[in-house]
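As written, the chain order gives the labels A, B and C, with residue 1 at the start of each chain.
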Amino acid sequence: MPSMKLATMTSAFALSIFSLMATQASADATLDRIKGRGALTVGVILSGAPFGYIDPKTQEQKGFNIDIAKALAEDLGVKLETVTVTPPNRVQFLQQGKVDLLIANMQYTEDRAKVLDYVPTAYDRAGGAAVVRKDSGLKDWADLKGKPVCVSQGSNYTQPLIEEYGAVVKALPSQPESLLALQGGNCVAAVHVGATVGLLLEDRPEDWKDYAIPFPTELIPSDSVIWLRKGEKDTQTALDNSVKKLHASGKLLEFAKSNRLLNTKFLEEQQKALSASK
Amino acid sequence: MQDMNLSDLFVSLTSRIGLNYEFLATGYESQIWRDGFVTTLYLVALLIPVSLIFGLLFAACLTSGKLWLSSPVRGFVELTRNTPTLVQLMFSFLVLNTFVSNLVGGAQNNPLTPFFWVVAVVGLHIAALHAEAIRAGIEAVPASTIEAARGIGFSQFQILRYVEVPLAFRASLPAIVNNLINLVKLTTVGNAIAVSEITYASIMVWTQRDNVVSLMIAILLFFSIINLIVARIGLWVERKLAVPGYGI
Amino acid sequence: MNTVALAPPRKRRHLLRNSGFLALPLIILVWSVADPSLGRELLDWVPYLASGFMMNIVIALLAMTLGTLVGTLFGILELAPYRLVRYPVVAYVQVFRNAPHLVLIFATTYIFPFEIVVAGHYLPFPDWVKAVIGLAIPASAYVAEITRGAIQSIPTTQWEAAKGLGFSQGQALRWIILPQCLRRSLPPWMNLFASITMGTALASLVGVHELLHAATDASTAVRRLDFTIVAYLVVMAAFFMLCYPISRLTRRLEGRFNAA
C-alpha cells in the first residue's frame, strides 16, 4: 500500500516540524523574564475549595493556592497572572514555559523531582484521602486491592495505588468528574488531596451523607511544593526566600485559616521553626 | 525474553532520532500503553456491529410511517447529531449512570461500566448517522422500480426484502463507511471517562514524563492504519456488491 | 403515496420538530422555577457560561475560515498534474482526515510553543489559538476532499468549452468551474461546520476556557449534584440551539440542489 507509506512519512515529517518549533521556545532564565515582563505567571488548579475555585459573584479565582501566588508576586514586586491548569496538562504547561511555576496541589515525589525542580521550603503538607461509601466495609488502603478507584488524570496517587495496593485505577479529567463517578458507582473510592474532599464532605452533608473518609492514614503524605522547570536556580532561591518569609510572618497560616484548611499543624510548626531561626 | 530485547532495541533506536519511548522498559506504564492499543481495537471491533444493528433498527423506525415509532427516534437522531459527543458521554456517564444507580437501589448494584457508556453513546451516535444514510438510500430507490416489483406480484414485504433494502444498502454504503471511520476516531473520547483506550493510556504516560511527540507519532500512525483498513474493506464490499451497469 | 395523504402528518411533524427544538431550554427553565435556589445559582453563572460559549463560537469560526482557505488550495493541488505537488498533499489529506480531532488538539496544545519569536518580539500563542489550529487541520483535510470531489463532478467538456472560448486553465477554474463547485460543496461544507463546532467542546480537555470547561468550573464551585446536571443540560442546549438550525438549513439546501 503506497498510500500507507506516504502517510507514515508525512505524519513523521509533520511531527518533526512540531518538535523543532517546540525546542525554540525555551527562553532565558525565568527570573529575568519575570522581572522583564513585570509579571509572574502561575499555574493554579481549580479543583475546588479550599485550594482553588471560581467565585460566582465576581468570577474571580479564590483559594489557598491563589492567595499564595498573590503573596509571591507581591514579594517579587511584580503583578500576578494566573493560568488555570488541570492535572493532565500542568507538567506540559510548565515545560513549555506557558507558566513560570506551578502551585497546583503537587506534592514532592522522586519521579517528579527527576524532570522538574522545586522550591525546597514546602507551603503545605498533604496526602491523599479516600472517599468511600459508608456501607462499603472498606477499612484501610489495603482493602482497595483489585477494586476500581477514581483519581484525576496525572495524579501522584496513581502509582502507589497500583503498585503498592493493587487497586484498579480509573483516572478522570479532573476531581469533580472523579467524585461524580464515585457517586455513580463506577468506583468504590475516590482518592484526592485530603483537605479538598474533607471540606467538601463537611460543607455538603446532604449530598454526601452516605460517604465518609474512613481510612486512618493519608496516602503518601508529602510536602506540597512549588514546581519549576529544571535548572532555574535563581528563581528557586528567590522563591524559597519568599516562602520562608511567608511562613515566618504567619501569613501562610492566615491564608490557611481564612480558606478553612482543615489541618494546619504543619503550617504552625513551620511558622514556629522559621520565626525562631530569625 | 525475546520480547524484552526487541523493545530495548526499539527504545535505543528511536532515542537516536530524538524520540523517547523509555517508558516501555518500565512496569505499569508500558503495560497500560500496550493494553491501550488492544482496548481501542476491541472497542472498534465491538462498535462496528453495534452501530450497524442499531442503525438498521433506527432506519426501520424512521421509515415505518408510524408517528409513535418515528418521532422518538427522530428526536434522538437530532439530539445526538447536534450536540458534542463528548458532552453526551459526560452526561450519560455522570448523570444517567447515577440515575441508574438510584433505580437499582445503590451504586454497588450498578453493573454499567465506563466501557459500557462509551459503547452506548458512540454506538448509538454512529447508528443515528447510519440510519440517516440508509433512510436517504431507501428514499432514493426509484418509484418506478417499486411499481415494477408490485406489477410482477411482489408483496409489500417482498418489495422491502428484495428491492428496497438491497438497493438502499448499496446506495448508502459510501456514507456508512465514512461513518465507520468517524466511529474509529470517536473512540478517543473514552479517555474523558477513564476507558483505557490508547489516548487515555498515552495521557497516563505523558503526564509523568515529557514525551508527547513520541506518543503522538504512535497514535497518529495507529489511527491512520486502522482507518486505512476500514476504508479498504469498505471499498472491497462496495465493489463486491456493485450492481452491473451502475456507476463506473 | 400521494401528497394529499402526506399533508396532515407533515404538519404534525413540523410542530413536533419545533417543540423538540425548545425541549431542552424548557426543561432547564421549568427546573429552575421549581427549585428557586437552583435557579438563582444558575442565573449567577450565566455570564460565565456565556463567555465560555463565545469561545466555542470564536474557535469554530476561525478554524473553519483557516481550514477552508487551506483546504480549497489543497483540494486544487490534489488534482495538480505534478506528482511532486500531488503526493504530499494527498498524504496530508489522508493522515489528517483519519486522525481523531481530540488527538490533533492534544498534539497542537502540547507540542506548539506557548509563544513565538517574531523579529525579536515575543508573541503569545494562547491555548485557544492552538485549539483553532488543532481543528483547522482536520477541517482543511475535509475541505480539500470536498473541493476535489466538487471539481471532479464538473464534466470535462466544460473545461474544453472554456478553452474553446479562449479561457486559460486558471481563468476557467476561477470563472467557470469554481462557481459551480461552490454550490455543490455548500451542503457538505455546512455539515463540516457543524461537526467542527461540536468538536470545540474537546478543547475543554486541554484546559481551554470554553463552555464545557466553564460548566465544570461552575459545578466545582457550587458542589451541588442537581446543579451539575443542569449545567450539563445547559451545555447540551447551547450546542443544540446552534447546530440544529445549521443542519436543518443544510438539509433544505441539499434537497433544493438535488431537485435542481
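In this section, a residue touches a chain if its C-beta (ideal position, glycine included) is under 8 Å from a C-beta of that chain, and two chains touch if they have at least 3 such contacts.
Being a predicted model, the structure only gives us computed values, none of them experimental.
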item: Touch-based graph of the chains, sorted into line, ring, star, complete or other; value: complete
item: Maximum centroid distance from chain C, chain identifier (CA atoms); value: A
item: Separation of chain A from chain C, taking each centre as the mean of its C-alpha atoms, in whole Å; value: 34
item: Euclidean distance of C-alpha centroids - chain B vs chain C, Å; value: 20
item: For chain B, residues that touch 2 or more chains besides their own; value: 90, 94, 98, 192, 206, 212-213, 216, 220, 224, 228
item: Multi-partner residues of chain A (at least 2 other chains); value: 3, 7, 11, 15, 18-19, 22, 88, 92, 173, 177, 180, 183
item: Shared interface positions of chain C, touching two or more other chains; value: 94-95, 98, 107, 110-111, 205, 225, 228
item: In the complex with chain B, residue positions of chain C that touch it; value: 9, 12-13, 16-17, 20, 94-95, 97-103, 106-107, 110-111, 194, 198-202, 204-205, 212, 225, 228-229, 232-233, 235-236, 239-240, 243-244, 247
item: Residue ranges of chain A in contact with chain B within the complex; value: 1, 3-4, 7-8, 11-12, 15, 18-19, 22, 87-88, 91-92, 95, 111, 115, 133, 135-136, 150, 153-154, 158-159, 162-163, 170-173, 177, 180-181, 183-186
item: Touching residues on chain A, where the partner in the complex is chain C; value: 3, 6-7, 9-11, 14-15, 18-19, 21-22, 24-25, 27, 46-49, 53-57, 59, 84-86, 88-89, 92-93, 96-98, 173-177, 180, 183, 200, 203-204, 207
item: Chain A contact footprint on chain B (complex, rising order); value: 18, 27-28, 90, 93-94, 97-98, 100-101, 106-110, 113-114, 192-194, 200, 203-204, 206-210, 212-213, 216-217, 220-221, 224-225, 228
item: Chain C contact footprint on chain B (complex, rising order); value: 67, 71, 74-75, 78-79, 81-88, 90-91, 94-95, 98, 181, 184-189, 191-192, 199, 206, 212-213, 216, 219-220, 223-224, 227-228
